[in-house]
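As structure tokens, here come the structures.
Shared between the two complexes below is subunit A, which pairs with subunit B and subunit C, respectively.
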Partner chain A sequence: MPARTSWIPYALIAPSVVFLGALFLVPLVQTIWLSFSAGEGLSLDNYQRMAGDLNFSLAVKNTFLLTLVVVPLQVVLALGMATMVTKLDKGRDLVLWVLTIPLGISDLAAGLAWLALLQNTGYLNSALYALGLIQGPTGWLSQETPVALFIAIMLAELWRATAIVLVILIAGLQLIPKEFSEAAEIFGAKPWTRFTRITLPLLKPSLQSALILRTVLAFEVFAVVYALGGRNFPVLVGEAYVWQNDNQNYGVAASYAVLIMVISLAATAVYLRALRTRPEQLP
Partner chain B sequence: MTTGAAELSQTSTSRGVALPSARRLLLWTGLAVLIAWVLVPIYLVALGAFGGRLGVFRWPKTIWPTDLSFAAMSQFLAIEGVFNALVNSLIAAGLTVVFSIALGAPAGYALARYTFRGQNAYRLLVLLTRAFPLAILALPLTVSFIRLGLYDTPFGVSLIHTVLALPFAALVTQSLFMGIPREYEEAAWVFGCTRFQAFMKVVLPLALPGLAATAIFAFVISWNEVFAASILTVRERTLTAYLLRILAESPLHYRFAGGFILIIPSVLFIFAVRRYLFAVWGIASK
Partner chain C sequence: MADIVIDRVVKEFGSFRALQEISLTVNDGEFVALLGPSGCGKTTLLRIIAGLEAQTSGRVVIGGRDVSDLAPRKRGLAMVFQNYAVFPHMTVFENVAFGLRMQKAPQAEVKRRVERAASLLHIESYLDRYPAKLSGGQRQRVAVARALAVEPAVLLMDEPLSNLDALLRLEMRTELKAVLREAGTTTIYVTHDQTEAMGLADRIAVMYGGKIDQIGSPLDIYATPATRFVGSFIGSPPMNFIKVRCSQGTARIGDAALPCPSAGTEMELGLRGEDAILSPSGSGIPFDVRVVEPMGSHLLLTGSIDGQLARIVAPPTAKVNAGQRVSLDVDPTRVTWIDSTTGRVVARD
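Right, the complex of A and B next:
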């Protein structure tokens, strides 16, 4: 049967093709079009306005800095978690459930949860006060404390989005045959050698998809930042939101969107190249 | 008899965990830290949600629950717009589930059961969505939605959320249907079922738990989405859009109450689908 092509599969995929065409490809083209059109004809006006905005360079810097710090930390943290969890056999399911809870939590809710911890009269300050390190309620999330605000956002992002990396890596670890590690152990390889020489190379496809997914989402960071610092910490998507909603300037908002798309695609291309696996390297 | 049992239990423990006790202690300490890292912020936002105005400004705070009451939460739910936003979120998420399963599952079935020209192009289209920040695509939709009368409706929001959930649903259902042997269906055809009947009577019951997991994921994707929901609504906001809008001006305890309501379904849903989590993401990440 597989050899014979009938109309049935086409009828089955048609609705989703039409849907994705109308709500993915058309908006994609529209966004690009919108970003280049200002008044009459095509121009770079929107991009010039975007680049000339006070918050622009700050938003670019903040978004990149956050992504470059958060994503590698998440991979390391998730690798650590995955290694620990695979060593368990009692309580494994329960531990995994707890560790994957943030997977289902909205970035807005994550920001608010960390706000409860870090606000002026919050739990962190109460603990610091009890230890005698501060005199009274102290603000960490304002423009005067950019480093503390950055760390707060970083922690909330780490808390929220490490779970997705963990799940992808554990799914990948399950595909690696145990025999490889066991054979290496017989030949006297130490745990660290086994990890770097066997587990890590074989985990490359999973690492690649985790990195692509996380990096694209990291460039979209928005609600966590807003919940914790409002506009004190400009990021790219936040600026797109402001231009669209508050300034009602759809052209500049679209320019931000195109910029974010270009960055995401570039990052994806880099990962696909840097972490490609040749078929003969697969187990 | 007793010695036999003792021996048995001893061998089973030494086989089960081959780690020396010092390293086991280290492992469990590490895991305890990680579990606390996940649970403590949720616990604290819950305290904030039920502590009311006084709880938020108490100084210094204790981490023990003191004077919690449902009054704070019910006050929050009584604010104008909150209940409506909650209902809108549920409608949008429900519609997202319906659309992403209705559109995604047939595609998944086609990918699992047939080889056809254009198959790889279709897969590419689905995977391509992964490389784009999809929520951003909602920007030009504002204009088209206003023209079509879909702007500021949960229905319109659910359409863009379906773009997020559909690729995921197609890939997951594909693996789901691949796991159900084709022979079962063929046997049903032999007994005189049409293709459709065979699917309904044989495949669907077997696929149901996996489809339920897919539905739950679609629900969570929609429930949590902030950006597209915020720019496509004004009065008929979803809960995330509502909370984002009021962030700057609402008192802290209302924000915590909103955050807590957002978190609750996620925790329950992840528990419900924990069995499928790794199968789902193992496949969907390919």
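Right, the complex of A and C next:
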């Protein structure tokens, strides 16, 4: 390539660099800086205050619990749904469209929709009452019913965010030539063996993308939890929100933000390593 | 070992009839090529035999067992795919071993049979590599080795050489023939390449429009095609078809007269390019040469007989120039007579 055009690539990516720098890198550095500054000079005071807070360990526990339960369930559900959708001859687009409707709904709106279903005077209780299964309005989302609250949040999250995994997996499944599965079938593999020995390994790159995206977003869960349980079910982002807005303590809020980022980066690193596809194994 | 009986198999895609009552018997250990242009139904037929596609009606019987409704894995066959379908996430060894692993063969047995198949196809030295590191020809060998490792009674091959370059194709063709002869496997081989079919097969089934136009040995099909299509599809250059009028058992072309069947009047004379000899006497079928192409082993002459396109093969030393009118001697026993309206060959009287 002639030397005089060598600045062109840099010029072309410059707008994105400026954009990222101004709107992402600067705030990021500021947040990290903020989390380490209390009074004068650098200190770990904010982190100590965060860790010493009554809700902190509960928020960590809840966030991890929710992620560890919801993400694997979503992957399993999405794998089943994706396999089903790719097998459809007719109406495939319609089914896919219906399945991905929740993606178009904001997470707060989704949380409120589930609240309407599950609150004391919600549709669920009306139905249960009509069936004679409960005597009157029953609370499912209070501190006294932590298991029910967790299940409610889990259901709402499954409903809301499985479709993103589904979309990624369908795209991945479509990239696998059907001859691989056919060859396996000819050579004696039963459906389950074909799925585990052929489809899953070849789907690994897509699974990796879906898991990274979904796990990072699961660690950032907030609006659905906030709508359904408020602070009855503390999560990390929720705590950051409380410290920022209710307590007006930006330093501790920044510490939460940094902690969430570190957890997300660590999870991504784990996936990148555990689910890497060696170049010689690519189709 | 197994023979294959295809009994009145029909396949419809919606209102389109891809296969119209195909019947075909492949003997034990025989190599049959399904030859035809794209869209003739040959791959569909192969996939029905494999069980990857369900027939609309009809039966497939392998080794005396009706497998029409059985899953592919229960039919006791192996297959080589057009794009090889070698599993990218497994080593060559695991690819070749796949069928044996599915049969839960003991490890020692797997190793022995993989090594045997690998040595047959000369891929021993790549057994621990991944397919991405192999060339097209090597992947092809892996695909064949994978099929042979299970020692199948029936081997199905779907255009296995079409993704290779011309030279490699020739080499693999020769090798495949030797390997399969040794294995003694009943083989059905789908191809659109007539030289491949001629070179490999014991018998060729020429397919066209969802039907088998003719089935026979390569030489039979070449020398005595059953339809106009078979004549035009087999042979290079393809058979020439000259429309002639037949009356009282004689067809006249220029000064020449050929005995023709009395069955009809509107006939076509099917003439192989190499069955016409440049006549030294000048009394024969007149041929106006338009283009002379020296091909090394022969001259390819393109021109017209009675105003109709014809290609004639002449010896490389023949003195022929473009624009010249030559005359051709034709042995009446080597020409084919075709009924113009049906496209079918008419027997000589």
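Simple rule for what comes next: the second predicted complex is superposed on the first by the 277 of 283 C-alpha atoms of A that agree within 3 Å, B and C clash if a C-alpha of one lies under 4 Å from a C-alpha of the other, contacts with A are read in each partner's own complex, and residues count from 1 in each chain.
Everything that follows uses one rule, which is that contacts are C-beta pairs under 8 Å (C-beta built on N, C-alpha and C of every residue); 3 or more make two chains touch, one makes a residue touch a chain.
Everything numeric in this text was worked out from a predicted model, so none of it was measured.
J.: One more residue to check, A:198. First (subunit B), second (subunit C), both or neither?
T.: Touch status of A:198: second partner only.
J.: With both complexes overlaid on chain A, does A:209 touch subunit B (first), subunit C (second), both or neither?
T.: A:209: touches subunit B, not subunit C.
J.: In the overlaid three-chain picture, which partner chain does A:168 touch, first (subunit B) or second (subunit C), both, or neither?
T.: In the superposition, A:168 touches subunit B alone.
J.: Of the two partner chains, subunit B (first) and subunit C (second), which one does A:17 touch, if any: first, second, both, or neither?
T.: First partner only, subunit B.
J.: Contacts for A:133 in the overlay, against subunit B (first) and subunit C (second): which applies, first, second, both or neither?
T.: Neither partner.
J.: With both structures placed on chain A, which of the two partners, subunit B or subunit C, ends up touching more residues of subunit A?
T.: On the superposition, B touches more of the residues of subunit A.
J.: Can A:42 be said to touch subunit B (first), subunit C (second), both, or neither?
T.: The answer is neither, since A:42 touches no partner chain.
J.: Can A:186 be said to touch subunit B (first), subunit C (second), both, or neither?
T.: In the superposed model, A:186 contacts subunit C only, not subunit B.
J.: Based on the A-chain superposition described above, do subunit B and subunit C contact any of the same residues on subunit A, and if so which?
T.: On subunit A, the subunit B and subunit C contacts do not overlap at all.
J.: Using the touch definition from the top, list the residues of subunit C that touch subunit A in their complex.
T.: The contact residues of subunit C facing subunit A are 50, 52, 71-73, 77-79, 81, 83, 85, 87-89, 98-99, 102-103, 129-130, 132-133, 146, 150.
J.: Would you tell me which residues of subunit A are touching subunit B in their complex?
T.: So the residues of subunit A touching subunit B come out as 2-3, 5-6, 8-10, 12-13, 15-17, 19-20, 23-24, 27-28, 30-31, 33-34, 80-81, 84-85, 87-90, 93, 95-117, 119, 121-123, 125-126, 129-130, 136-137, 159, 164, 167-168, 170-172, 174-175, 205-206, 209-210, 212-213, 216-217, 219-220, 222-223, 226-227, 230, 237, 240-241, 244-245, 250, 253-254, 257, 260-261, 264-265, 268.
J.: What residues of subunit B sit close enough to touch subunit A in their complex?
T.: Listed in rising order, the residues of subunit B that touch subunit A are 16-17, 19, 27, 30-31, 34-35, 37-42, 44-45, 47-48, 56-63, 99, 102-104, 106-107, 109-111, 113-119, 122, 125-126, 129-144, 159-160, 162-163, 166-167, 170, 195, 220, 223-227, 230-231, 240, 243-244, 247-248, 252, 255-256, 258-260, 262-263, 265-267, 269-271, 274, 277-279, 281-282, 285-286.
J.: Given the complex with subunit C, which residues does subunit A contribute to the contact?
T.: By the definition above, subunit A touches subunit C via 177, 179-180, 182-190, 193, 198, 201-202, 204, 277-283.
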